[in-house]
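Quick one: this structure, given as structure tokens, is what I'll be asking you about.
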Amino acid sequence: MKLSDVVLALEEIAPPELAEDFDISKIGLTLDLENDIQKIAVALDPTKYVLKRSSEIGADLLITHHSLIFHAVNHINRSLADILKIALDSNISLYSMHTNYDKAKDGINDVLAKKIGLSNLQETEIGRIGTISPCSAETFANHVSKSLDTHVCFTGKKEEISKVMVFGGSGFRDEYLEIAKKNGVDAYVSSELKHDIIRSWEDILLVDATHYATENPGMEELCPRLEDRLGLDVEFIDHNPFIKIL
Amino acid sequence: MKLSDVVLALEEIAPPELAEDFDISKIGLTLDLENDIQKIAVALDPTKYVLKRSSEIGADLLITHHSLIFHAVNHINRSLADILKIALDSNISLYSMHTNYDKAKDGINDVLAKKIGLSNLQETEIGRIGTISPCSAETFANHVSKSLDTHVCFTGKKEEISKVMVFGGSGFRDEYLEIAKKNGVDAYVSSELKHDIIRSWEDILLVDATHYATENPGMEELCPRLEDRLGLDVEFIDHNPFIKIL
Amino acid sequence: MKLSDVVLALEEIAPPELAEDFDISKIGLTLDLENDIQKIAVALDPTKYVLKRSSEIGADLLITHHSLIFHAVNHINRSLADILKIALDSNISLYSMHTNYDKAKDGINDVLAKKIGLSNLQETEIGRIGTISPCSAETFANHVSKSLDTHVCFTGKKEEISKVMVFGGSGFRDEYLEIAKKNGVDAYVSSELKHDIIRSWEDILLVDATHYATENPGMEELCPRLEDRLGLDVEFIDHNPFIKIL
Amino acid sequence: MKLSDVVLALEEIAPPELAEDFDISKIGLTLDLENDIQKIAVALDPTKYVLKRSSEIGADLLITHHSLIFHAVNHINRSLADILKIALDSNISLYSMHTNYDKAKDGINDVLAKKIGLSNLQETEIGRIGTISPCSAETFANHVSKSLDTHVCFTGKKEEISKVMVFGGSGFRDEYLEIAKKNGVDAYVSSELKHDIIRSWEDILLVDATHYATENPGMEELCPRLEDRLGLDVEFIDHNPFIKIL
Amino acid sequence: MKLSDVVLALEEIAPPELAEDFDISKIGLTLDLENDIQKIAVALDPTKYVLKRSSEIGADLLITHHSLIFHAVNHINRSLADILKIALDSNISLYSMHTNYDKAKDGINDVLAKKIGLSNLQETEIGRIGTISPCSAETFANHVSKSLDTHVCFTGKKEEISKVMVFGGSGFRDEYLEIAKKNGVDAYVSSELKHDIIRSWEDILLVDATHYATENPGMEELCPRLEDRLGLDVEFIDHNPFIKIL
Amino acid sequence: MKLSDVVLALEEIAPPELAEDFDISKIGLTLDLENDIQKIAVALDPTKYVLKRSSEIGADLLITHHSLIFHAVNHINRSLADILKIALDSNISLYSMHTNYDKAKDGINDVLAKKIGLSNLQETEIGRIGTISPCSAETFANHVSKSLDTHVCFTGKKEEISKVMVFGGSGFRDEYLEIAKKNGVDAYVSSELKHDIIRSWEDILLVDATHYATENPGMEELCPRLEDRLGLDVEFIDHNPFIKIL
């Protein structure tokens, strides 16, 4: 299948116009080798490990959530060169779907909400809001931990949880929590919790379930969808950062 | 003692010209009531709880690390008004020493290095670098956890640790880790670890010891120094965010 | 009555979307105490004197033309603190309607035109244009002085006046006078006349009737309108700067 | 005398590097005809009237305080064309000394201070500070009016005046009044007084003595200095805007 | 005929809203003498030579492609003054139609395409695309040279030419050649060819036919159109830069 | 030899701090493979042809004047990927010395001046000025053509040439010609001559000797210097764009 035809399908799944302004120049075909595609690899990040595995399984295209080059470059250092070499030698194009796939139907946030088992799902401009059977804060945090198979950090004064907002990746920002508050949310699940957010939003239960564990499922679920749609072999490559807690 | 005289002493302890560019307009007397100072409260953040306690102990001045208004405002909302009311009714001026106190001698970073027990301390442009007796990554993380009385998250491939860099608060940035790398650092202790940092710096042990636990000691140690210097009563107010881990 | 309901009424009188771009972030609830409103004070400026009077008459809300904080602040100085203390102690919220009320129907400019007795009123993008019975420049300036009860400064070569443009506040700007010229205006009434304007527009009679006297009437007339609309007690507080002339 | 030699002398009197940042591109030879100079005209503004008079007296160069083109242009309208035609037909070059001459020794501000009869003159970064025999606010305002032969507007609560700051032209800005306050000034003489300044600085007597009357003397006094220095005929052209008061 | 009526006709021929963003403030009446127009001169540039000729033939208006003042000015130097003097003394207004006339129907690019004899003309966002009878690169370059009566420089690997894009003036930019490539163009005719363009676009025949020769015809053809439309005398003034080649 | 040691030598030859502001982020090691260097290739541009030749001759480092990536990228297209693949597969690092080498002693401009045979060389902020035996414009243009083995385009009214300024690459800018004029230069040799420059500077002989021919010699002469200095094998790769003239 022609790369340009694969791209058309990917743009239907995650329309580029959904991307945040800062992100618009970073998504799409970040390495365009104009090659034919028989096999596709999918992963969260285009790390050296992920590229090696993509090469081993014979992928012609690697689709990731995060892009290879986030801040535009004039210089290519050794670490970027190592990754590019694997891609160029194995003729693997790179494609990134980031904030556009966060928001897209059945994208990062929808998969995250499903994993946590939210009901009555409601789409906001950014994350997803839903309900669970009322439970204590600790019980809810424990449920998130098990659903996503990750450690969690949590804080806040809220004691009973039934309305929940989720946002995959780094979603602890004032403007997003403003939306949560307006919607009467009890708990907010995202990652990369910061001190100033803890201080400003102590009336909401804040659950940090790690960037990896809140976004990885959305990429994994992309695989069967792509196989169905394109009739190509699609394989997920998992690269867990293995964060430890003491 | 006149407020302006207290300010002169504070500016010797944490010279304003040390502040980062983004911070320069945010530090100093953030609420200037031109009052006389008999008693001083010190805390990490000017939260409502901290203001109430400052009022209860009869403080005339509250010194914090973080400023009351970070993003300049035209509007004062209810939450800011609540804090201001306590300060105005109890005649408490507010003073903030932030990135200038991070870098200052015996400031946030020096106290953090001392708490962790680093030897052969070396001052970099931003954090502090020192050594410990060689130990495994897990042992070192455990040592940090106990020294700072906090949970820690850690990750990275480094197995033996002897050279360590510390940076109180939110210090996991590429430009700071570049400095760590150039200095051959094995472990970097700071807070608010992010996914892209984990992916880019897997050769260094990254230890996230929370924003609170890496900065609070520096504010606490300020109290005896101020008492000695000013001959006034100075009291520390601890407001722990109590983050839980599962 | 809930503050939010009062705000809805104020936004119908002076729609926020009419505000100039530079002003958009400065209008509205500039001190939001989320309190219940029984009595409203109205004034041109939120000065210390005006706040004291508002407190004395038991107002829960003070509506002014100019906002309390024009340039966004990170620091609160003594003079701002004094005003805030009165507002916070007497539980008075603050609301500002500025360039949006200038342009609004029956706003600053309409009231000013009415005070001067203009006929055949025509709304421009910014001020108002109307006619008077033809008279000399000196007679017209004298009429403005009496109508608004203020001294006036005037200049220009125009000798007979019948078409007049008015703009409350600081309206001597080239782009506004361009509009006046296109409309064949003989006299332009506003305030804060500047030297470069005098040099560039000597073919139009320029009448400076002071910022205070051209805007104060519009705020005073707001009172009966609000009483009618809200059924609350509304009281005007006049704070004249008393400029003297020699 | 060559124009370039005249320019060298003018740059010694008002060094270009003294100009404010916004002004740097606007001063100097604003119409450079590279002609020989026998006779020089001096005026406050390059108005059509001033150009006509310059032509009538046979001037080869017109020196003004304000520049011909303040906002840079791509288009020349009729009014600018009329002025340029007189200059080009009579071969008159134009030179502007503005904020550089305000601050220069014996420039606009020094002449203004002298006219008002200030003693113990002290140079600040911008205006001049000096003393007069203590008198009431009204007496002082009257003295300014007579010294500068102009009407004045004044306001403020200060009752006894002995320390005075002067700033020719449009000098009622917060940052300048901050300097006045720090120096314990009782009265501030300048022009183009604005409402927000009146509200913020009511503890200082503010005297608006018009832009024209505070700057014109400085240009007039330039004439004998230039005659002495250059040995050329130099003539002052006075163009009074004749503002009337009611 | 009133100047404003001539301007209306010119704006129909080259609608100002077609101009590039950078150009919008530079086109139109660049010297507006509000005079009556009996005779019009047309040329590529408002050089001193062109103004002298305009004066000699008694023109009241000079229409050029390039504007008199490209970068907005605060200062008028001798060279600009010389040109202005001729215009002001002979009462000649100036009008510029630039990037708006490039794109306009029957404008610069259409005339250029016609001169080269392109068929099947297709309008792109910027230039024009058309076809010629297939020929070699050298034959095509020779044809352009003869059609436009100019020397040409050419380069590129393309050997057979049938589809051609033309862009009058300085059109060798990456974004324009991107359009050429998408349209399968064999040769691109424009001017001011640059080294980095040669390196990036070697698969297209690049023909530099000089700025003068690619734009001058479009201005010449404007004359009969204006005569027909306005019933005024219109004369073209040719000012060839005479570039020599060795 | 270690790449970092080669870089130190290159930085002595062309100090990075000499680079223009726009260029500072583009020079230096643009592809840093941290490899050992035995053989160096030098060329004007890092084209695909040049990379292939570099690979064939076994180079470990390619030094060029122009950088591989001029506008910073987030995306790598096919054409850039093709060049990178050759470099990565053959383990060739890339280094760019651009505007810093233009100005450096014995850099682009010095070599150009020597090629043309200028005497009494004088260094300006940007190009070089020198003298030749007086001759006609045509004779001088012919001499440049032969000295640099290139066609030339020339224009201007100057008839006798003895003082000459040279600037390798794209140097026909108003600010550079201003310097030429102040130095009384008769002829200016550079490349990429533009129409507006021709119109503004007709009193100087402008000689366009192509970007390639004015810069290539400076890169060629770098080879023996590097061989001497480093004791490594250094080979020049010439990639002529072969522009034809009719």
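The letters A, B, C, D, E and F name the chains in turn, as written, and every chain counts its residues from 1.
Note that a contact is a pair of C-beta atoms (placed from the backbone, for glycine too) under 8 Å apart; a residue touches a chain by one contact, two chains touch by 3 or more.
Keep in mind the model is a prediction, meaning the values are calculated, not measured.
**Q** Would you mind naming the chains that touch chain B and likewise touch chain F?
**A** Both chain B and chain F are touched by A, going by the contact rule given at the top.
**Q** Among C-D, D-E or B-C, which pair gives essentially the same interface as A-B, with more than half of the residue-number contact pairs in common?
**A** Checking each pair in C-D, D-E or B-C, only one repeats A-B, namely C-D.
**Q** Count the C-beta contact pairs for A-F and for C-D, then tell me which is higher.
**A** C-D
**Q** Any idea if chain B and chain C meet via the same residues, over half in common, or different ones?
**A** same
**Q** Centroid of chain A to centroid of chain C, CA atoms only: how many Å?
**A** Once rounded, the distance between the two centres reads 52 Å.
**Q** Could you grab the centroid distance between chain E and chain F? Build each centroid from C-alpha atoms only and quote it in angstrom.
**A** Computed value for the inter-centroid distance: 32 Å.
**Q** Based only on mean CA positions, could you tell me how far chain A sits from chain D in angstrom?
**A** Averaging C-alpha atoms per chain gives centres 64 Å apart.
**Q** So which bits of chain C are touching at least two other chains?
**A** Expected reply: 70.
**Q** Viewed as a graph of touching chains, is the assembly arranged as a line, ring, star, complete set, or other?
**A** Here the contact pattern is a ring, one closed loop where every chain has two partners.
**Q** Going by the defined touches, start at chain B, step to chain C, and keep going round the ring. Which chains appear, in sequence?
**A** In ring order, starting at chain B and going to chain C first, we get B, C, D, E, F, A.
**Q** Please name which positions on chain A make contact with chain B in the complex.
**A** Chain A residues touching chain B: 45, 47, 66, 70, 79, 138, 141-142, 145, 151-155, 169-170, 191-196, 198-200, 210-212, 241-246.
**Q** So in the complex, the part of chain C that touches chain B is made up of which residues?
**A** Residues 25-26, 28-34, 67, 69-70, 72-78, 81, 84-85, 88-89 of chain C touch chain B in their complex.
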